[in-house]
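Taking it in order: structure first as C-alpha cells, then the write-up.
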Amino acid sequence: MTRANIDVERLREHFRTMARIRAFEEAAEAGQKSGEIRGAVHLSVGQEAVASGICANLRRSDYLVSTHRVHGHTIAKGADVTAMMAELLGKAGGTCQGKGGSMHIADFSIGMLGANGVVGAGIPIAAGAAHAVKLRGGSEIVACFFGDGAVNRGPFLEGLNWARIYDLPILFICEDNGFAATTRTRSLTGGPGPAARAEALGIPARIVDGNAVEEVDAAAAERVTRIREGGGPQFILAQTYRLKGHTAHDPATYRPAAEVEEKQRRDPIELCRETLLLRGVPAAALAADEAAARVEIAAAVAAARAQPWGDESLAWRDVQDMGAPA
Amino acid sequence: MTRANIDVERLREHFRTMARIRAFEEAAEAGQKSGEIRGAVHLSVGQEAVASGICANLRRSDYLVSTHRVHGHTIAKGADVTAMMAELLGKAGGTCQGKGGSMHIADFSIGMLGANGVVGAGIPIAAGAAHAVKLRGGSEIVACFFGDGAVNRGPFLEGLNWARIYDLPILFICEDNGFAATTRTRSLTGGPGPAARAEALGIPARIVDGNAVEEVDAAAAERVTRIREGGGPQFILAQTYRLKGHTAHDPATYRPAAEVEEKQRRDPIELCRETLLLRGVPAAALAADEAAARVEIAAAVAAARAQPWGDESLAWRDVQDMGAPA
Amino acid sequence: MTLMSYLEAGKRALAEEMRRDPAVWALGEDLGRGGVFGQYKGLAEEFGPQRICDTPISEACIMGAAVGAALVGTRPVVEMRFSDFALCAIDELVNQAAKARYMFGGQGRVPLVVREPVGMWRSSAAQHSQSLEAWYAHIPGLVVVTPSTPADNYGLLKAAIRCDDPVVYMEHKDLWPLEGEVEADGEALPLGKARILRQGGDLTIVAWSGVLRTVRQAAEALAGTGVAAEVIDLRTLYPWDRETVLASAARTRRLLVVHEAVAIGGFGGEIAATAAEELGVRVKRLGAPRLPVAYAPPLEAQCRVSEAQIVAAARTLL
Amino acid sequence: MTLMSYLEAGKRALAEEMRRDPAVWALGEDLGRGGVFGQYKGLAEEFGPQRICDTPISEACIMGAAVGAALVGTRPVVEMRFSDFALCAIDELVNQAAKARYMFGGQGRVPLVVREPVGMWRSSAAQHSQSLEAWYAHIPGLVVVTPSTPADNYGLLKAAIRCDDPVVYMEHKDLWPLEGEVEADGEALPLGKARILRQGGDLTIVAWSGVLRTVRQAAEALAGTGVAAEVIDLRTLYPWDRETVLASAARTRRLLVVHEAVAIGGFGGEIAATAAEELGVRVKRLGAPRLPVAYAPPLEAQCRVSEAQIVAAARTLL
C-alpha cells in the first residue's frame, strides 16, 4: 500500500535525501574508477528509498548499525558528507580518520555505530546496543540494516532470537536487493524468505516495496511507533534492486542487461519524482534539488581532496590503552 | 496420533532397545559417581523412545550424527556396548580408543559419525555428510539429532538452510527435553519454537510425543520414506523430558521435585510396557527383557573394566600424517 | 585478609565491581543458576536477572551483543563457559571487539571482559581442554590475562573489568578450588605486571596459569639439587612484562618458559625469541606436544607438562 | 613450462586434481561466477555446479559441511574468500576438522583444503587484511601452507588436495597477478619443504608469502653492500622445515625471520626461539607492529614490512 497522501514536503525531503545519496555514490564510483579511492566501495544506487524511508523515522539520538553498503543509511541518518568522502579517500578528517574507509564508516555523534566488513556481523552488535539501552532505561531505538544475503548467516538467527527474548527496542531492516555479490540470493535461501524467518523467531514482519519511499516511510513510521511504545523488536523486509554491481569494480555481467533496464524504470528517485510531479511540484524545482545535491557533493569531494593524509603516528593511536603499541 | 496398531514384535524390540539404553546409562551414572568414569556423562534417561523410534528406521549403512547426549542414539543404531563402555572408561578398546570419552563417541562401522562436545556443531557436519552422499549418488540417508538448546545457535539456521537448498537426504531430529543445561529452553527461545523455524527454512516439520515410542517410530517411518523417495530434508520435533540432571553430576535442584515426579509417570519405558501388556505380552517377559539388558550391560562393564589402558604411544597417533608429532 | 578459593575470589571481584559501577553486567549461559562452575552463584539474587543475564546458547551473539552494549556505554562481562566454545565467537571477538575502536577512528570503545576458562580438567578431551592464549596475544586491541592464584583472580578480574580495552580473561578450570589469602574489598592489581614467585640466580623460569603449580614443584626439586631457579608468574600475557622477565634473564642468563598450551606456536616462542634477541641468553621452551588432548588419563597425561620435564629442561640450560 | 599467473596456477592445479580424482570438489560463495578474485573462472563450466558448488553466505556451514563431506569420503576444497571471514568458521575448523580423526580414535579422516587468501591488498583495512597463519600452526591436526610463486601455488595446492589431513592453504591476495614459469600437468610439490631462494653465508633470512618480494629486494640491497644473505622461503608453516632452516642458520650463525603478520605472537617467534634453543645463534624477528591494519595508505604502510627495516634488522645481526 502506497501512502499517496504522504505530506508533500516530507516526500520532497525524501527526494532531496535520495538525490544526495545518489550524488555521493556517483562521486564515490568515479573516485573508485579513477583509483583515487582505493578500498572497496559498495554502491546502494537504486536502494536509496530504503535508507531515506527508514531513517526519516529515527531521531538523532537513535542508533544505526549498517553493513558494507553503508553510504545511504549514513547520509540519511544525518552524517556529514565531507567527512564521509574524506573517509573514502583515507584522509585524517574522515569520519574514522581514514582508518576504516567505506566499509567501516561510523559516526557516533549521530548514533551511527558502524558499517561492517563482515556480512551479518552487525546484527548481534545492534542487538547488544538495544540491550544496553534497555538496561539503562533509555528511550532510544536501534535500526539495524542488513542484506538478503545475511539471512543465511547464523548471527541472523542468534541476533533476532536475542532481540525477541529480551524484548528489545530494535527495528531490523532486511534490504532485499536480489543479490549477494554475484549470487541471486533467492537461489540459496531455503523456505519462504527473510520475513518468514523473522516471524518464526517471534518478530512481527512486514514486507514493503523498497523502491517506493512513501511506502517504506509509512511502514517504518508504524513499526518505529510500536517499538517506542514498548512493542519490542520489529522487522521490515524492503524489496528493492541493486542497479549497480556488487562493488564499484563489478560490471555485473552475470545478469541480463534487459533485467537491469527494466528495474531502472523503477528507480526510486524516478518513482518519487513522478509522485511529486503529480502532487504539483514543478519539475524545475526537483531538478534544482538534484543540482544542489551535486553541488554539495562536489564541494565535499573538493574539500576532502584538499585535506591532508593522516600523520603516521595516527596509525599507532586508538589500538588500546593497556599495552598501547609503541 | 499413536500407532496403536504397531506390530507387537516391533514394539517389543523398542522395549528391549530402550531397556538396554537405560541399563547402559544407569551403569554410566554409577561409574561417574564412583569416579571410575572421569569425563562428563550426559544421560538420556527418559528420552530413550526418541533414539529407539528414530533409529529403528535407519539401515546400518545410513549415517547418524549425534550430540553430547549420545548413548541412546548410538546403542539404537547398533553400536557395541562393550566398546562404548570401554570408551567411557578411557580404555584402548573403546570405540575411540579412549581418546574421546562419552562426548566424542563415534562408530564409523555403523555409520555413526560422532557425538559432539559443541552444541549444534553436528548439524553442518550432518548436512555435509548428506551432501557427499548426494554428490556420489549414494542411497544412504543421514539422521541428525540435536537438542532444543541447539536451535538458538547459528549452525542450526545455516545447516537447515543448506539441507534445503541442496535438497539433501537428511532427517533432523530436535529432541526437546525442556532444558539446555540448567535453563528452561523455552524461556530463551523466541517465537513458536523449533518446528516453526524449520518450516521457515523450507523443511517440512512434524511434532511428536517423544515419549511414545510407537509415535516416534511412525513419524520417522513416514519421514524416512519421504527422504528415501527423494523428498529432501525432513524435520521431527520430539517432545520429551530429561528425567536426570544435565550431567550425571548435576542434581538438577533448579526444578521442583513434583515436576519430575509427574514426568516420571510418562517414562517412555513404562508407557511402552503398558501398551505391550495391553497387547497381551506377559509382564514376566518384559521383566526378562529388562533383566537381560542389565546382564548384558553388566558384562560390558566387566569386560570394559578388564581392558588395559592404552599405551602412551596411542596419544601420539592419528593426529595427522603430514607433520605427525614425534 | 580472608582465605577463599580462586572461584570465590573471582565471584567476589565481580560482585564488588557490580556494586561499584552500575554499568557492569554479566551475560552467559546458566548464569542465573550460578554458571557452569558455580562462579556466579548468588549473584542473580543480589543483582537481578537483568544484570546477571541468562543467555541462550548463542556464543556468537553473546559476544557480538557485548560489543554493541559496550559501544554504547555499558561494561559487559561475558562468560564463555569453556574457552573452547569461544571459538564459536571469534569473528565477534577478533574482527569486531578488538578492532572497533581503531577502525572507527577512536569514536567508540569496547570495554568488555570475556571470561574463558582454559586448560585440562577432569578428562575433558580435545574440545574442552584447550589453552589458546597465544592466539589472543597476537591480536592487536586485546589484553590477555591469566590469573593463577585467588588473590590474582580477585585483583586482576577487578582490573580487567575497569580496563577500557577488551580483555580476554582466562581462568584455569583446575584452579577453581585452590585456596589462598585475599584482601576483601581490596584493590585492583595492575595489568601487565608479572610477579616473581621465587628468587634465584641460576635460571629464570617464566610460566602462567595452572602449570605454575608444577613449576613450583620443579623449582623445589631443583633447589634440592642446589639449583636456584627464579620463578616468574607472567599473569598478563599481553601486555607482558618484558622488563621483569628480561631483567631476571639478564641476571641468570638462562630462560625457560613453561606453558600448558601446545609448545609449537605457543606464547613461549614470543618470550624466548625476545630474550634471545634482546639478551642473547640461552633459552628453552616447554609446552604440550602438538596433540589434541585425549580423554583417557594416561593419554591425556602426554599433554601435561610434568615436573620431571621441567627439571630436565632446566638442566639442559645449566 | 608455461608462463602463468599465481591465480591461474592455482586454478590449474585445482582443475587437474578435479580431473584426476572425482572425489575432489570445491565449495564457496560465488564460485559459479569464478569466485571473488576469479580464481575459479571457467571451472563451473567444466565440472558443473555440483562439483563447483555455489554456497550461501554461511561460512560456519561451509566449513562444517566440508568436515562432514570429508568424513564420508569426499575431498572438499573450501573457499573462504578472505581469511578474515574464516573467523566465522573457527569452531568448525579447529574443534571439528582438526580434531575429528583423533577424537574418534582414527576412525575417520578429514582430507579438506581450506583456501584462505591473506594479507594487505588494495587498502582493505582491518577486517580484510589479516595474516593469521600463526594461529593455525599452533593447532594439532592442521597443516599450513603459504605459497609465494605461481609454481608453488600450482605444486603445493596439488599436494594440499592430495593430503589426507586438513590443510589451511593461504594464498596472498597481492600475488594473484604475479607471473612465473609453471610446469603444466606437473607434479605436486612436497609439503613441509622450504626452498633456498638465494644462497649466502652472512646471515639467514626466513620468510614466506607476500613479504618475500620485499625480502628479495632487501637481500639485493645487502648484497650491494657486501653482505650475502641466504634467503629461505618456508612455503609450509606446519610442518616447517627445521632441517633446512637450522642447517642454514648453523652456517651463518645469524637468523632473521620476516613476516607480514603481527610480530608479537607471530610464527617468527617459533622459528627464532627454535634456532636460539637448538643452535644458540643470534636471532631477530620482523613483522607488523601490533596494529589493526588501517585504511589510508600512509597509515596502512605502518603495517607493511619495508626493505629498509629488513636491511636494518639484518645489520643488527652482523
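A, B, C and D are the chain letters, set down in written order, and residue numbers restart from 1 in every chain.
Following the convention adopted for this analysis, a residue touches a chain if its C-beta (ideal position, glycine included) is under 8 Å from a C-beta of that chain, and two chains touch if they have at least 3 such contacts.
Keep in mind that what you see is a predicted model, and the values were worked out from it rather than measured.
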Item to check | Common touching chains of chain D and chain B | outcome: A, C
Checklist entry - If you take the mean of the Cα atoms for each chain, which one ends up farthest from chain D? => result B
Checklist entry - chain A to chain C: how many Å between their CA centres? => result 40
Checklist outcome for this item: For the pair chain A and chain B, the C-alpha centroid-to-centroid distance in angstrom is 45
Next on the checklist: Distance between chain C and chain D based on Cα centroids, please, to the nearest Å.
Outcome noted: 30
Item to check | Between chain A and chain D, centroid-to-centroid distance (C-alpha), Å | outcome: 36
Item to check | Sites on chain D at which at least two other chains make contact | outcome: 55-56, 58, 60, 84-85, 88, 91, 95, 102-103, 125-127, 140-141, 238, 290-292, 294
Checklist outcome for this item: Listed in rising order, chain B residues that touch 2 or more other chains are 94, 96-100, 104, 116-118, 152-155, 158, 161, 165, 187-189, 319, 323, 325
Checklist entry - So that we know how the chains sit together, what is the shape of their touch graph: line, ring, star, complete or other? => result complete
Item to check | Contact footprint of chain C on chain A as seen in their complex | outcome: 63, 65, 94-100, 104, 106-109, 113-114, 116-118, 121, 123-133, 135-136, 154-155, 158-159, 161-162, 165, 317-323, 325
Next on the checklist: Looking at the complex, which residues from chain C come into contact with chain B?
Outcome noted: 29-30, 32-33, 36, 54-60, 84-85, 88, 122-128, 289-292, 294-303
Checklist entry - For the complex, which residues does chain A have touching chain B? => result 152-158, 160-161, 163-165, 187-192, 196-197, 199-203
Checklist entry - Contact residues on chain B for chain C in the complex? => result 38-40, 87, 90-92, 94, 96-101, 103-104, 116-120, 149-150, 152-154, 180-183, 185, 187-189, 254, 309-310, 312, 314-316, 319, 323, 325
Checklist outcome for this item: chain D residues touching chain C in their complex are 84-85, 87-88, 90-91, 94-95, 98-99, 102-103, 125-127, 132, 134-135, 137-141, 238, 261-262, 264-270, 272-277, 280, 282-285, 290-292, 294
